[in-house]
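Should a chain be cited, it is by its letter among A, B, C, D and E, assigned in written order, with residues numbered from 1 in that chain.
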Amino acid sequence: ENIKVGAILAVTGGASFLGGPEARSLEMMVEDINAKGGINGNTIELIIKDSAGSPEKAISFAKQLIEEEKVLAIIGPSTSGETMKIKNICQEAKTPLLSCGAAEVIVDPVASYVFKTPQKDSFAAKKIFMEMNKLGISKIAVLAGNTGFGQAGKGQLLAIAPEFGIEVVEVEVYDKKSNDLSAVVAKIKANKDVQAVVNWSIVPAQAIVAKNMRQAGWEVPLFQSHGFGNIKYVQAAGAAAEGIIFPAGRLLIAESLADDNPQKALLMEYKKNYEAKFNEPASTFGGHGYDAITILAAAIAEGGNDRDKVRDAIENLKGFAGTGGVFNFSAEDHNGLDIDAFQMLTVKDGKFVAYTGK
Amino acid sequence: MALLEVNKLSKRFGGLLAVNDVSFHVEPGQIKAVIGPNGAGKTTLFNMISGTFPASSGSVSFQGRKLKRKKPFQIASLGMARTFQNIKMFSGMTALENVMVGRHIQSHAGFFASMFRMPWTWKEERDIREKSLELLALLEIEKYAHTEASSLAFGQQRAVELARALALEPSLLLLDEPAAGLNIYETAEVGRLIMKIRDLGITVLLVEHDMSLVMDISDEIVVLCFGEKIAEDIPKNIQQDPEVIKIYLGEE
Amino acid sequence: MLRIRNLVSGYGKIKVLKNVSMHVDPGEIVTILGANGAGKTTLLSTIAGLVRANSGEAEFKSNNILKIKASAIPGLGCVMVPEGRQVFAAMTVEENLLLGGHAVQKQGRKVLTALLEHQYELFPILRDRKDQLAGTLSGGEQQMLAMGRALMSKPSLVMMDEPSTGLAPLIVKEIFQIIVRLRDEGNTVLLVEQNAKAALGIADRGYVLETGKIIVQGPAEDLLANKDVQRAYLGREK
Amino acid sequence: MTTELFIQYLMAGITYGSIYAIVAIGFNIIYNTTGIINFAQGEFVMFGGMIAISLLQFMPLPMAIIVAVLITMLIGAMIEICFIRWLKSPSVLRMIIITIGISILSREVGVHVWGESIRSLPYFFGNEITSFVIFGAHISPQVLWVVAASGLMVIGLGIFFKTTSVGREMRACASNRKAATLCGINTQNMVTLSFILSAGIGALAGCVMSPITYSQYDMGTGLAIKGFTVAILGGLGSSGGAVAAGLLLGVIEAFSVSVVPLAFQDAISIAILLTILFVRPQGLFGSKEAAGLSEF
Amino acid sequence: MKKLLSVLPLLALVIGIHFLTSATDTMFYLTQMTMSAYYSLLIIGLCVLMGYAGQISLGHAGFFAIGGYISAALTTHSLVPYKDSALVVFLNSAGMLMSGQDLYGGTLLVVSPWAACIVAVSTAAIIAVIIGIPVLKLKGHYLAMATLGFGIIIYRVVLALEYFGEADGISEVPAFVLIPGLSVSGNFSDRVANYYIAWGLLLVGMVLLLNLIDSRVGRALRGIHGSGEAADAMGVNTSRFKLQTFVLSAVFAAVAGVFLTHYNGGIGPSEAGVMKSVRYVAIVAVGGMAHLWGALLMGIVLNFLSLRGVFGSYDDAVFGLILILIMLFAPNGILSLNIRHRLKQLVNRGKQDREEEV
């Protein structure tokens, strides 16, 4: 039997650095699954629709995939804004959706057919704040890109900071296409209270923030979000990337994990295969796609070609190791990751390494 | 009372005084001509009268009303129509449609009435069409009614422009070089037309370099030179005015 | 100097010129008369390369000009003063004139400056307006500018398309004097005019073009005396 | 505001401003010969940067930049020859739509050749964290490269258009092509030349700014919009105007962060520009007459 | 009357498509047909502005967004926290509010869609008047830039304001109940009704615009396009007509925005983007500028193809290619490629040639 799986990803457009690796990971994994004889003898037919990050397209594609292609489930979209537009559509049509969007509203409140694979922003924020507590930092500046990711992260940072006794003294949102942020860096640098900067975005401007801070001769710690999980940004920021601290899944430091880590084997394999096939470094974004398709595959193995059964199977999945962490889904938790999914990393000599504190 | 009164009108472009303190008036039913060397300021004068740009100083009254700060379309709707030295057709529209635009101020249908095609607009549309066809017939170009105006020959375009101006049912018609580019037969034809227009009760003020036309049809002539009025008189006297001969007409 | 044989030309499917043959010899003024739409402008434009000929021959100083790009023709010494006022509206008068000197630019600045001076002498008004944008000149001034611009390239053949249109009588006379003067200085002029009488008055020879065909040709005096020409183009005496 | 902060903002403004100015000048060059706005101008900047980055693997930096500029010029010429040259008297809107199409296609070429990721040239001097200090403000030396490069281009082009005959001829083509032909000017070559020139300038800009702003396949659109805004505000066709307007926009942007949230930066700066435009409809340095005479 | 007749074939076609799809069990096509119809409503409005009044607008996505966003925000942001404020009480008693329950059981008190629609469209109209007065004084490229600037400002504002959902846009917009039993919503069950609502609106718009251009006002507009100065001299109040047309097209755009937003159940910033505006202008141009039918045709076809994702990741590339090809080979728009006319011309030419030979 042929099982159709739909995917709506921002392969082109402003969010292509998410959708691109996601789509490639999906293609690679589906090829892999089918080459191994499919799931219980069923091959998977993957239909990728490129939304270019536009919600209206995502809506159109969701309806198309559900009714016309009658897909079993939909993977994606890449961004939270798009996901939120089709959340109800999938829910109404009782089609499982495995979003690669970051925002927590996707799974909170829980819609029974909607899941997401990227780690929760709130955990990333908490992880950062925990680190700050250790370093004795209490006054920070928050920068965010004007993407859904940046917006959600900024919201979490502002909401959670008081819990950790941290005061946010400056907040700025920059354009996702910004190509120089020296003015805004100068502005927050002028506030002498600022002890550290948290930058939350998924766009290349992350590297620019780092550069402009260091060029300004400003040496306070720079924290980034898990959106920094792409070695290309480190290369782009060059010398300025050194010492950046950020939470991320363990994909980026797979080599240095202990051998008994449940994620290690699959991380190494995914990384190796991806890098060999596409000749570019693997990123955590591609990992979100990888997680979505492997979770779905596991659920199909359980529930076959039946939307409801697959939904139930995902909800019952426990202890499932993915690139983002170990997933434990439940009726209340449609993300399934806890704060341990994150590990604090830093950049040393142009490479990601585990952060061990000062 | 004069239909049009031009009172001490001046226009300055940067350092250039294109029109300098010019006064004259046009009586109802007259054909009045403005002549003068190239660059004397005739077109500039016309532009100020019709409101295309404001005068630097001086005033224009039309039908006893001051035209200060009035926009061209407001002046047009008071009953003053004009043609242009370089013909300005509405490109992309037929000759008939060109003339129909001329009926603009004589009709009323606005945005909503037009969009919803109110019943009362039907009659108005019909009237506009009929009147325009009449005018085309008057100028003997009815056979080009449905030809695109800007693809017509030069002379025919002039006729369309004239018909369009007449469609306003103006009391004063300003003509800027109506015979330019026409041969003598066509020029004479234009002369006859202008007389015909006058006989309809329309006053005419024209700029023209073709002296055979000007001398034949105009009742009075104003001569401009370097922006200043140097003479105003009936044609016979102008023809003999030594200064006008010196700077404009030349010796025969 | 210029020799045209069986020229057929027009716009797309419309053939405006149907088998036109004519010639211009060095040092003469040749005028072409014709009603509106007869094809006079089309004839000049074809010679100037702006309109592609369908068939026929046109030879200028033993160059086959039908095969030459329009932009290369002024370099051979054949320029056209176009109908209407095709000045560079957004540029100054002096820049307009300098552009006219494109073809002689290679001969150096001196030559160019001298030519510029020459035009200012011919048309003193242009000197006064030399820094004004050409688009704001009066109709007559623009016409003079267009002529001056054409003369800047020291052409051996000047084609003028209705140069007197829109000009004051005095200036018209002046223009015609200039044309005569050009001839006297050894230039050759091909003149298209509505003002048939004045044109024939200064021309050596003339052609009458009607609906794309030459119907009468001959020395100017003959044309002036020709009954048909009189009836059609000269009209009543003033 | 402290002097230090003031200088910091000012330098940031000058950096953005110079970049906008160069793009705007690229627009002006083509506008001056054809009377159209080439919306693919931003893509020339992208090509310049991207090609130089790719070439860097085979040659030293100065070589890579020179070759990239030359290749981009070639691309400019190719675009003109393929899409523009053979059109007979195309309308302005038609040309604009064609250039928009070219811009979209160039972007697609970019993404398929170089992928969606960002790249950059190395800093000409030092690296990402090098900076020097004036009045307490920290400035990256690359900023000086950008400012110097744009300054040189502006002066060079100004001289070129105002005083050289080729420059004058290029402007004549914009004003009246038929008349230009009658003067013996090969209008088609002039147009090709203008594409080559503006492609070259765009490419050079793309190289000097790459270390600061990075290069990415879709960087052109944003630059084109800013450049277009600046070109209009300065008065189409005026390079001096482009520089003034570019610096003005850059400085407004830089200083605006001190009063309004960064998220509103563009909205504020463009609102200011529009206000200026309403007061001076021909742009800062455009002549009123010229604006009135060039119809759309 | 004649104009009414001219859209009858289109009406027949609309009904025909419905029956055809229902007979072949391909009703899902109606989803994208509905969405395209709304975009086309904007496009025909823009066509009158550009083709007939000769005024380019590179900011029309802005008006679409004003309509869509205001309607979405008013109908989704709950007024429960303010339910005792005088304004809310007044609105409620005026019947302009609507209460209900959200998907997860919370109570909602929001502005009713009819009221929101009226507010949204009038806001668009008022903004059009305010910016139209100065903007329409500009000409050519200057006008293009000013309208582009307006579009950017709107884009930035929706992206920066939390009220408009920043990067995520607004989701979970309720259905727009036009009359009881007939509502604009994306529910699968309402699809046929919505297809007819959208096309009904488009047809009415078309009739109105066709009436307009063939009237005193339409002639005046075309006159302005042909020669502004001459139109002025004919007594046409050019600035007023330009402004009225600008406002009219803004209203068309806003109405399209309101309806499509309710149909999609959400709106995102991509609808306000500059590239959208450029796209609309380009579609009008390839339709043939002063060619309402051409604009309509291209509006439907191009949007339909794009929304169906026919060209996948090459959507933009194909669009660019279409622009170039049509502008190179059919500069007067797609309808100038009229095959029958071409054939006729060929035949005629053949005849003519023969005549000439004789």
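Points worth noting:
By our rule, contacts are C-beta pairs under 8 Å (C-beta built on N, C-alpha and C of every residue); 3 or more make two chains touch, one makes a residue touch a chain.
Here the structure is a predicted model, which is why all the values come from computation and not from measurement.
Each step here moves to a touching chain, and the least such steps from chain A to chain D number 1. Seen from the C-alpha centroid of chain E, the farthest chain centroid is that of C. The pair with more inter-chain C-beta contacts, choosing from C-D and B-E, is B-E. Centroids built from CA atoms put chain E at 42 Å from chain B.
One simple way to say how far apart two chains are is to compare their mean CA positions; for chain D and chain E this gives 32 Å.
Averaging Cα coordinates per chain places chain A and chain E 36 Å apart. Each of the following residues of chain A touches two or more other chains: 12, 146, 173.
Counting only residues that touch two or more partner chains, chain D has 261, 263, 265-266, 294. Those residues of chain E in touch with two or more other chains are numbered 159-160, 316. In the complex of the two chains, the chain D residues touching chain E come out as 31, 37, 83, 87, 90-94, 97-98, 100-105, 107-108, 221, 225, 228-229, 232-233, 236, 261, 263-267, 270-271, 273-274, 277-278, 281-283, 291-292, 294-296. Residues 54, 56, 134-135, 137-146, 148-150, 152-153, 156-157, 159-160, 274-275, 278, 281-282, 285-286, 289, 314, 316-317, 319-324, 327-328, 331 of chain E are the ones that touch chain D when the two sit in their complex.
Here chain E touches chain A in the complex through residues 26, 28, 31-32, 35, 103-104, 159-160, 165-169, 171-172, 186-188, 260, 264-271, 306-309, 312-313, 315-316, going by the rule given at the top. Contact residues of chain B toward chain E in the complex are 50, 52, 71-74, 76-77, 81-82, 84, 88-93, 97-98, 100-105, 107-111, 114-117, 121, 124-125, 128, 150, 164-165, 167-168.
Residue ranges on chain A touching chain D, taken from their complex, read 12, 14, 16-17, 20, 146, 172-175, 177, 179-180, 182-184, 186-187, 190, 204, 207-208, 210-211, 214-217, 232-233, 236-240, 280.
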